[in-house]
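Quick one: this structure, given as structure tokens, is what I'll be asking you about.
Here the chain labels run A, B and C in written order, and each chain numbers its own residues starting at 1.
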Amino acid sequence: MELKISVKKRLPSFELDVAFSCSPDKLLVIIGPSGAGKTTIIRMLAGLDKPDEGTITFNGETWVDTKKGIFVPPQKRQLGYVFQDYPLFPHLNVQKNVAFAAQDETCVERLMKQFDIWHLRNRNVAMISGGERQRCAICQNLARKPRVLLLDEPFSALDAVTRKTLRTEIKQLKGELCIPIIHVTHDISEATQLGDELLSVVQGRIVPRWLFQFRLKDLSFRRRAGIEDIWGQNDTYNDNLEVSSL
Amino acid sequence: MDWQPLFLSLKLAAVSTFLLIILAAPLAYALSLARFVGKAFLEALINLPMALPPTVLGFYLLVIMGPKGFLGRFWETITGSPLVFTFQGIVIALLIYCLPFAIQPMKAAFEKIDRSMLESAYVLGLSPLATFLRVIIPNSISGLAAAAILVFIHSIGAFGVLLMVGGSIPGETKVVSIAIYEAVESLAYREAGRMCLVLIPISYSFLLLLNLITRRSRAWS
Amino acid sequence: MRRFILFFFTLVLFVYPYPTVAGESLHIAVAANFMQPFKEIAKLFESENPVSVNATFASSGHLTGQIMNGAPYDIFLSADEERPAALSQKGFAEKPFVYARGRVVLWSAKKELCGVSGWQEVVKHPSVKKIAVASPKVAPYGAAAMAAIEQSSLQNMIKHKLVYPENIAQAFQYAATESVDAAFCALSSALSEQGKKGCYFEVGEAPPIVQGACVLMRAKDRQTVNKFANFLNSPEANSIKKKYGYK
């Protein structure tokens, strides 16, 4: 049930060249400055972008193999992708949004209660707050029983309190689902709070482990690597943090 | 008053509107999405009926839909009967004439849809066709309604094109616009006036109905 | 701003209706079917008189409507007698006079029909699937053709074949482009360049189309106008008319 990726893609300012893997019930956090290619990586995992060369496999299934010309479309990969701007369907209410691709109806109610949006079920999605919309988006994806969950800066547009709450919920979620979860963020405290593994991507390359750990406490490095220190709680840097590398 | 031309016009407008919305929607969608060489040329070609005087368009349609034209011959091989001077013939003439009025509003509505909403649908497991039916169409109802209004009113008002291709056969192609024209020409002004008086409230109520639909759909988008 | 004003004034100068320099002019409303012979007659008149003749060609019904709403014509040449009579009765025109007599014929571009014995056989012919006849309500030639059909008791037999264009010229055009197999049209069309490429059949049962004209009350220069009206029935004009199939 491992997700493996090794791809290259030519982007406007640099070449993206990454390779890593994520095992089930591990939450991998990808951090890096904007424009580093993080979203491109996630989109390639989801099947919304194609790499120039490389492979992506999941649990032995080949999703992408440029040499063999294999490309499995996003529909068939059965994953969840929580977008940054949580695009819900405006023509449906909250419940119908969650139930949109649900495997069975019973889990819809359970999920909505778990994420505390059940009371909003008949509301139009335009009339709920940002945090509620994000929860709805998460429920929508979970209702599909995804095999992989991708989150692309899901909380960046929310206030600090909501962020904290949702982070906790994601952490709890990780314990329940046994699937690989990949979370993109530029908030180091979020990264350290949530992540079992940390991957730093700068200019399309993964920053090697020794360099990363060594320079983590260097403020100027942190700034250049885009690892912002968003004012949060007293999270300390976890020296034992495992950093994925090539 | 002779009611037949009026019923014929309404029937013609309803059939044309229905068919054209179905046919033009995928075309409008393709135009809103795709970026291909010659897209500008294709769009100008689709819009051509708007720029041509209706009698010119009618003349060319007569030539291609007639027994010697490629469309007319194709139709005859398939159905065994001619295309010009029939109800089906004027429906097809209207489809071509009204195509740009259907495409423009629909294309504008499709272009306004957020791309990430579509990608979200794909990731959730919807094929492009299912996405088109379950996500795109419900979110562009106002565009579809606008297209339907325009096609309907142009169908009712169409005169020059139908004059050439229809042959003014009572019950088949003699639509109310032609009947009014003939009444005026034969100095039967009262009859012409009567037909106009009946036509106006019918068209108006249809426009009003569609306007309400548009407003309701805009409320939650 | 100044450029805009200059442009605007230039536009007005062009649009302003200047009176024509070359002496006097006549404005004549002519039924569309009489267009070709009229052009020749007018030219002949202009060469003998210091007048310019301007004509508008449209369907008789159209022109009648315009005249009743104040169109500035001097003479109206209709395709029938009824319309000039109506105008005269309503006070828009002087008493009408006949200026031409036309004939309805059946014309077809299809050479294979040329050997058929008469027009009734042509319309009944199995290979003739569509026949154009100008809408009887608006076109006198169409009305004459329908009269002939009814007189020959053919209306039920060929009703499904009939197509009704708005005017006689369109009927001929349908037949010339072979959108229909045959059309009832004016003899003048059949005798034209295009018409010679097909063949026509006399329709004896159709009454001759008596085309009436009238001088309109709005006409200013009555002397010139009456001169033209008389010229329409002069020997020179008659020979031109004959050439085009009118009597």
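FYI, a residue touches a chain if its C-beta (ideal position, glycine included) is under 8 Å from a C-beta of that chain, and two chains touch if they have at least 3 such contacts.
Just so it is clear, the model here is predicted, and its values are computed rather than measured.
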Problem - Category of the chain touch graph - line, ring, star, complete, other - result: line
Completion exercise
Chain with Cα centroid nearest the overall Cα mean is chain B
Handout entry: Inter-chain centre distance, chain B versus chain C - centres from mean C-alpha coordinates, in Å
Key = 35
Practice task
State, to the nearest whole Å, the distance from the C-alpha centre of chain A to the C-alpha centre of chain B.
Solution key: 46
Handout entry: Chain centre separation in whole Å, for chain C relative to chain A (CA means)
Key = 80
Practice task
Note the residues in chain C that touch 2 or more other chains, in rising order.
Solution key: none
Handout entry: chain B to chain A touching residues, read off their complex
Key = 114, 116-117, 119-127, 135, 138-139, 220-221
Problem - Residues of chain B that touch chain C when the two form their complex - result: 62-63, 66-68, 82, 84-85, 163-164, 167-170, 174, 178, 181-188
Completion exercise
The residues of chain C that touch chain B in their complex are 59, 61-62, 64-65, 83, 86, 129-130, 132, 135, 137-138, 162-166, 170, 174, 177-180
Completion exercise
The residues of chain A that touch chain B in their complex are 46-48, 73-75, 77-81, 83, 85, 87-91, 100-101, 124, 126, 140-141, 144
